[in-house]
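In what follows, chain A forms one complex with chain B and a second complex with chain C.
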Partner chain A sequence: MRTVERGAPSPTLVRVEDLEVHFPVRRSAFGPKSGVVRAVDGVSFQLRAGDVLGLAGESGSGKTTVARAMLRITDPTGGRVVMDSLDISKLGRAELKRFRRRMQMVYQDPYDSLNPRLKIGTTLEEALMVRGVRPSERTNGVRHLLERVGLSGAYALRYPHELSGGQRQRVSIARALGVEPSVIVCDEAVSSLDVSVRAQILNLLRDLQETERLSLLFISHDLSTLRFIADRVAIMYLGQVVEIGGREDLFDRPLHPYTLALLAAVPEPVPRSQRRPVARLTGEVPSALQPPGGCRFHPRCPIAEDICREVVPELRRKAAGHLAACHLVPDAPPIGVP
Partner chain B sequence: MPLLEVEELAVSFETPSGTVRAVDGLSLTIERGERVGIVGESGSGKSVTALAILGLVPASGHVTAGRLAFEGDELLTRSERQLQRWRGRHASMVFQDPLSSLNPFLRVGRQVAETLEVHLEMSRAEAGRRAAELLARVGIADAGSRLRDYPHQFSGGMRQRVAIAIAMACAPELLIADEPTTSLDVTVQAQILDVLAQLSTASGTAVILITHDLGVVAGFCDRLLVMYAGRIVESGPTDAVVGEPQHPYTRGLLESIPRLRGPLPARLRSVEGSPPEIGALLPGCAFAPRCPLAMPVCLEETPRLEPVPGEGQAHRVVACHAVARGYVPVTGTGNGEVAR
Partner chain C sequence: MLSSGPELSDRSAVAPESGTRGETPVMLSRWSLLLRSLLHDPPALAGAVVVLVLLIVAVFGSLLAPHNPYTGFGNGLSKIGAPLPPGGRFPLGTDPNGRDVLSRLIFGARISLTIGVAANGIATLIGLLVGLVAGYIGGWVDTVLMRLTDVVMAFPILLFAIALIAVTGPSETNVILVIAFLYWTYVARVIHGMVLSLKEREFVTATRTLGISGRRIMFRHIVPHLVPALIVYFTLGVASTILIEASLSYIGIGVPVPIPSWGQMIAQGQDYYQIAPWLFIFPGIALVATVLAFNLVGDWLRDVLDPTTPQKR
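Let's turn to the complex of A and B:
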């Protein structure tokens, strides 16, 4: 069992409010706009200092777009991302450059994100340069970064292709650490690794997070991975958060029918006697171009009622620290009422 | 007579840096209607094994086997023409990416119908009708009108359904599915596995499911083979392998998977190092450099698949010097091993 007990919630580091990312779609390259993909449609959550927030959802849920909008790789079309009382979505170019040091991203495929022509040491030195580390201290700095991610200093002289997938992902993490960010966003950072290597990288992230109080936004389609790494988890469906809560809330007391279906669909490597009965979700995720009215999940929901087809459910407090957007889950009593 | 018998299968490739062995002395038997999982990480040789069984190893590869027989008939001596007639009718394959097996320029209905016309000599009209039935059976809504759509008009999950419809069109005796759900969302993955289970049961088709995902095989297969560096390291009934793994690699693999239920560890137990590159074969056990139980003999002698000492029920075999010498895992705690 995990021994770390947390006291009062830490202060909020990043506040995402009503974030919207809508992409115009054209039938042909120069034609008129024919529609809008609502990739992210009113998403709000808070990332607390020293916390790991997991973001889960199937393809098309908008989880990666949320991350890209937070880092301003994609410009949001609405809402705010607030960090250090600055609205990131409104930063100008110079301010944006300063901000980028505060938030770093680790991608799924380290093949794509490391420059194949640069030695590992050179890649890491660049990160130290961004932070203003003096040239005389950079060699030491590189060795220290490598050691923090469990690699020996000798790796500084190697090229990315000489490393295994797991080692390359360690280097990506070292590079992110190099600028001393407040937040690291991991986008499916362990998904393409072999199972045995994946555990090593998850342990590394967990250790770094605990010893250095890193704040992570950890995006993954794999709920088992999130149960291990995340303190809080948000479940997204078609551009919206349908449920958010602490790890135990979400995995032991899930509320939203979509979360229940997702959990039931995860195949577990256990003998038949320990397997849970499965309830299958029918159909596939509809297009974000024309999301269903009312609750977006209603066409696939096994318990949908009339109200679900007509009224959009709000994300509401269903228990302490546990929010869900479902008409059929009763709200928690207002605070102060026994 | 078993449906498929493979004895001492070896597949090697000539590369600029020398000969590499992808599969090394693999033996397996598949009975009619059985569902067998082959599990392994990258480079384990699981996909090459599938290609070798179906005679699809590219020309740069060299395949040898003591015996590779389907319904008692040797496959290695068949001509390419004979193999082509056999594949599709008696044995077929589903790949991870359905786009690699579907023709992007041909309507989906035509592709299903063509298989029926070629292998079962159906008339065009009859094959068209049957194609609609097949698409409906794999769960494509409104199948009749979707016959005229092209592959790009389908979602990833729907394309995989089409690929399954084609593979199962002639009710083959053997279906090999190589990571058929790996690129799909979990809820769709569950649906696709259901479809595969239903169709294979209905037509008595034996299925070899190849995957890196132990969860997927646990729910689908009767029997598992765990591969590492081109060899089988453990095989047996699914529940025995998943519930009481014996080989240190199988144990390490299962312990390194984060779980949805049960106590939450502060750290995952992991297998140190990474899977070896496919390469020249060294003597000894390929897992020894990563193995917590490795002994001097492990670096010298390749362990053979043998029954686990003291295990009453047969059928499970493990290739490990330590297990053969009586090391047993402490079950339940997942912590350490003790000598008997």
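Let's turn to the complex of A and C:
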């Protein structure tokens, strides 16, 4: 099922539209607003059923904030997140609680995402409790969850500090699976693991995704991880999506100069001579307090022109299933016109 | 009251890497580690011994006291009617009413400890609830509760106690209530701060996004992390509470007169300090030793239960 030429794309499960998360900056607790951090500033993408969407970008590009806004850990300040034809960003408390089961998250730090004072079994039982599993059946349910993520049922009696990072991340995944969600957001879920464990967890996630028809939003700063697991990849820069496309399209035919620069920065075991040389990125990511006008990437872009300094580029279709926000990449002809 | 179960500390530093499965060995070694650390800390050990002795005295006081603390003995006064110095039938001497100082001291321990523990128990509980709810819920609830805490904190303690007891009349219960009313603010502040940082931990976020209710998160996930701090504050609080009780009794608005309390004994004794210094010396020593002991134990508990405490000696 992981082919490039897929048939009709599967139906959209989650639609993120113009998502905005702005944080007010105050000098003192009661002081006036002295600025706004535009952590996420108009992000749109769609997560299809049974798909793995990778989300990449440098630190501070807003990847995690997108995820937190989707799960309503942080409240978005604008835009919509639509799932099951509900606008999640506007749900009230009771509705939100009901919705929580549909989308789960696996967190970055396996050492902080499990309560150190609760046994693994107790942590997992909470997930079953949410789903309304009867107390008498929870012990069995916990064992089943642990087995699904490749741990023996005996781990239910352990405390988190008795587990390794990889095992804890498996428990986190089991907890997410416990409420039977349709979407799991993995926020740098493998970044803190060493390479061999990382591969195991990635394989586990991919297996689960295929057998349970889960949709994953996989956030990572590591492009090789995304190349392994993602069906489609979105690249973020300073709170905006600059390019989104199928895995092969994006990695082999990147369009946006930022994506090109990112890919050039990935260390390759075997240098690829066919890749055209790209100037390495210089300078720092500008502040999200005062993002540059026009294209946000223009101060660091090697090919920026006058238009880039003045006009904000839209995310437009540049090839089949491949969108980019750059003035200098020609648009694809409109659909239906040969 | 507050759970002080086996979950005193979960830190890997304290928890041993026991190869055996199951809880019991881990629990046992936690307690034995606590005990071992106590043996290696002489001041804390001394404090713990004093606290233990005090508890025994408070509980079994009526068996230990040589005389009835309320009885004025005819032979408890000298021929000219002055209190007797320590020695003989009255080991710590007698007071101007011919009552045995040692017996009064022993019964006073019960009063002081009862007030210390009860007032602090109430204060810790209120402080925990206020700090927890304010910190976890946040928003205007936080603002209202914490400003209320500030307001109560700003009350001058003695003035407030005088005003309240002037209205309600002196009694043991009123002393407990006054102290509890003033002391919960300190607990609330500390707990509030801890909850603010705990609720940003990923395991709390993870539990919340699971769809678990706020109440369960507060009591199942956050409170267990507060227990070490609560134990420490409770212990330190008992020390300062005993002092406050002594001050209230000293100025005559604490425990009503016939009941022996250390502060009240000191207050009475000061009128006779030239002819009968034992009247204020012995309750004074008891008071200082008790407060010191509770402080030492509290300090030690803080160090043991919270390895991140900066105040290391």
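Just so it is clear, the second predicted complex is superposed on the first by the 322 of 338 C-alpha atoms of A that agree within 3 Å, B and C clash if a C-alpha of one lies under 4 Å from a C-alpha of the other, contacts with A are read in each partner's own complex, and residues count from 1 in each chain.
The criterion applied here is as follows: a contact is a pair of C-beta atoms (placed from the backbone, for glycine too) under 8 Å apart; a residue touches a chain by one contact, two chains touch by 3 or more.
This is a predicted model, so every value here is computed, not measured.
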item	value
Which of chain B and chain C A:Leu263 touches, first, second, both or neither	first
Chain B versus chain C as contact partner of A:Asn203, first or second or both or neither	first
Partner chain in contact with A:Ser172 - chain B first, chain C second, else both or neither	second
Which superposed partner A:Ile73 touches (first chain B, second chain C, both, neither)	second
Touched partner set for A:Gly121, first chain B, second chain C, both or neither	neither
Chain A residues touched by each partner, larger count belonging to chain B or chain C	B
First, second, both or neither for A:Arg227, with chain B first and chain C second	first
Partner chain(s) touched by A:Lys97 [first = chain B, second = chain C, both, neither]	second
Contacts of A:Pro254 with chain B and chain C, given as first, second, both or neither	neither
Chain B versus chain C as contact partner of A:Gly239, first or second or both or neither	neither
Touch list for chain A against partner chain C, complex	71, 73, 97-98, 100-101, 104-105, 107-109, 112-118, 126-127, 129-130, 154, 157, 159, 161, 172, 175, 178-179
In the complex, chain C residues that touch chain A	7, 10, 12, 15, 21-22, 201-203, 205-213, 216, 220-221, 224-225
In the complex with chain B, residue positions of chain A that touch it	1-4, 58-59, 164-167, 194-200, 202-203, 206-207, 221, 223-225, 227-229, 247, 251, 261-263, 265-275, 278, 280-282, 284-285
Chain B residues touching chain A - in the complex, by the definition given at the top	41-42, 155-158, 185-191, 193-194, 212-219, 238-239, 242-243, 252-254, 256-261, 263-272, 274-275, 290
